[in-house]
Amino acid sequence: MSEEKLDATIEKEMGRKETGRIEAFSDGVFAVAITLLVFNLKVPQLPAGDTSPVIDLGKALFNQWPSYLAFVTSFATILIMWVSHHSIFKMVYKSDSPFLFANGLLLMLVTVVPFPTALVAAYLRDPAAAMACAVYAGIFVLINIAYNLLWWTASHKRTLLNPDVSDAQVKSLARNMYFGFPVYLLATLLAFLNPYITIVICTMMWIYWTFTFFERSSTTEVLES
Amino acid sequence: MSEEKLDATIEKEMGRKETGRIEAFSDGVFAVAITLLVFNLKVPQLPAGDTSPVIDLGKALFNQWPSYLAFVTSFATILIMWVSHHSIFKMVYKSDSPFLFANGLLLMLVTVVPFPTALVAAYLRDPAAAMACAVYAGIFVLINIAYNLLWWTASHKRTLLNPDVSDAQVKSLARNMYFGFPVYLLATLLAFLNPYITIVICTMMWIYWTFTFFERSSTTEVLES
Amino acid sequence: MSEEKLDATIEKEMGRKETGRIEAFSDGVFAVAITLLVFNLKVPQLPAGDTSPVIDLGKALFNQWPSYLAFVTSFATILIMWVSHHSIFKMVYKSDSPFLFANGLLLMLVTVVPFPTALVAAYLRDPAAAMACAVYAGIFVLINIAYNLLWWTASHKRTLLNPDVSDAQVKSLARNMYFGFPVYLLATLLAFLNPYITIVICTMMWIYWTFTFFERSSTTEVLES
Amino acid sequence: MSEEKLDATIEKEMGRKETGRIEAFSDGVFAVAITLLVFNLKVPQLPAGDTSPVIDLGKALFNQWPSYLAFVTSFATILIMWVSHHSIFKMVYKSDSPFLFANGLLLMLVTVVPFPTALVAAYLRDPAAAMACAVYAGIFVLINIAYNLLWWTASHKRTLLNPDVSDAQVKSLARNMYFGFPVYLLATLLAFLNPYITIVICTMMWIYWTFTFFERSSTTEVLES
């Protein structure tokens, strides 16, 4: 290894550190938010004097399925968001204030997710389910906007991007994110038709993104590394 | 890269590690505290036999706006505090006990923030709002004192500061922090006149700091890096 | 140190970083999940007008022993899981999508653990204990499957493994994990015979793994480092 | 820098990494546990039809002083524990299974702290205070035992210690920790005489350790770095 190369390597490492603490803090927020989702799973109370407690506890646990569904959907969605966040930060090697602000907005919305999740868990089998599910998908609309904002602040003049990121990569990431906006908006509106459609769309979204990510990572090495 | 330079680079890196674990621990505390704010957002209970549940859930969610306002204000304020904490630690390369103690005091007050936030969320539309808002702004007065103490322990003899930090930077940071004290004190007192003024001042503070940070980071490179 | 060696060292370090952020995020999730277990320990309420409050608070605290038992068992099990996760990631130096997906599934199940723990704490001395304990051990069956999946995605073609990991190590880790599946499944089924057996088996499992780990780490250095 | 020195530096860095992930995980647990203490601060409920709500909310907040006292004492004690943990890990450069086990025991007890803190907050002004305070100090007795165990597993044969740690340092750290055991035991027993004595002793302990740390760090550089 020549001195120049070593120099460049060390400087690159140091350059990475500029965004390192933001990334570590963001990771912390994602990790706490995703773990707090478990508070939506509540221990059911059996009525006093229950004559078949084992079966009734089983039934009570089974009847909480909207909680489990909301838990899995929110967990998977936050995890996918974290992967996207990671993808963005891998292409970024500097930060500025609009970027920090957009990241802050995104983190705020991510920490909010346990709230609409609790709302869906509480109301999915209730006549008020339409509103609960609309709020749930509505939060994902806002999160999508925050992601687009984050990526725009990072890439619009390419000032914060790593020089070896190609235009194709910038566009591919943007396209993948734009796409989420109309789908989540549709999911929000369709809640008033049938709340289950909203949950199905949200579930399909994270499954879709997981598979896209599979494919993408086998073709473009940079995104995977 | 000469051997001396490499030597210095590695030593600098190791020097940074002295405060590295304190910084990582502080980041963890900030990340958990900011994420716990979501517990102030509660799932509303609809009365049994509600005849228009979808609209009523919408109304109940809307009526919780004091919770959302308190959530956003606290989230943004903790985030700005974290950025300030980061700015301070970027200039510090050693730690001593008074510095550790001041940092501990600061962290304690930061973890407290969800409590007055819950207080404001519960009482903002209530006759007791004045007391809730005074306590809310009062915590920020205390946090401001802790920040000034932290910066003072780091900079008063410059023993803990990175040698390349200029006097102008030390003063600029101090000035920016002194300023918070009278404003938050005023916000505390004005709560008894009108609690909403307190919330408006606290909101203006984080917006002001976000913009100041914007400007500052475009003029002085060191603070941004 | 020759240039080649330095080169290799730095590249190895960078290679490690590929899985570094996933590992750091996973650690965060484990750390939060393990700490949230404390919410299963509840402050007992004494009846109003209690005539011997000191003794009665002591008794009330003592009567909560199912909570303490569930807390210790879950804490130790999550900790052992974290150690296993660490062992797996020490042998892995690359990641791909199936591996990320398996890791996500594992993390989701780990964050769930506080829920069945609360269930056992609430129902262990109750007629419904059988169901609570079956769910508790059932989660560990699922976690075991997720671990096997994670290790399989990492090792089946050895594409993600560190080249110096021997076949013996791959098999030894797999064998250790397969073993958990039938035992936890048995613990799940035996809950309907006697719920305490389930807790005893789960306790024996983490004690067994702790001791195995002891032995293993004294014979094979690689696993310990 | 000679090649040998660079080699040694890099190897030392890698050597540190062996305990690095345990340290990072432990930090995460400490950070979450210390932040969860805030849940002991509860929003007071005012009676309906209160005629002087502002003053009554102030009074209700003031009457919660046992919560604040317990919060500050626990926060400061966990922080001091974290500093001690940090001191121990700075002298350790390898880990083995008994050490990992002792660290796990310590972490479990640290995560428990919010529970006796809640107990003290709930019962300090109640006739049952003696039991609550005895449990509170009792947890610190157990934590002290875990610390002594951790330090013993690390230092008894010096196999895990950094070679440049002197015997004097090993003894000084051990002496400082032994000392905690009889004092916390006394605090536990004296709770039955007067619960406030327990809180005073616990408060004096963290103040004492803060000051000791001040002094120690000015005489022995190694412990500070």
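Letters A, B, C and D mark the chains as written, and numbering starts fresh at 1 in each.
Note that a residue touches a chain if its C-beta (ideal position, glycine included) is under 8 Å from a C-beta of that chain, and two chains touch if they have at least 3 such contacts.
Since the structure is predicted, the reported quantities are computational estimates derived from the model, not experimental observations.
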Statement: Label-sorted list of chains bordering both chain B and chain C is A, D
Task: If we define chain centres by averaging CA atoms, which chain lands farthest from chain D? Would you check?
output: A
Same-residue or different-residue interface between chain A and chain B, half as cut-off: different
- line: Distance between the CA centroids of chain A and chain D (whole Å) is 35
- prompt: Where the CA atoms of chain B average out and where those of chain D average out, how many Å apart are those spots?
  reply: 25
Field: Overlap residues in chain C, where contacts from two or more other chains coincide
entry: 6, 24, 28, 31-32, 36
Contact set on chain A toward chain B in their complex: 3-4, 6-7, 10, 18, 21, 24-25, 28-29, 31-33, 36, 95-98, 100-101, 104, 107-108, 111-112, 114-115, 118-119, 122-123, 126-128, 130-132, 135, 192
Task: Report the residues of chain C in contact with chain D in the complex, numbered from low to high.
output: 1, 6, 9, 23-24, 27-28, 30-32, 34-38, 41, 43, 46, 50, 53-58, 61, 71-72, 75-76, 79, 82-83, 86, 210, 213-214, 217-218, 224-225
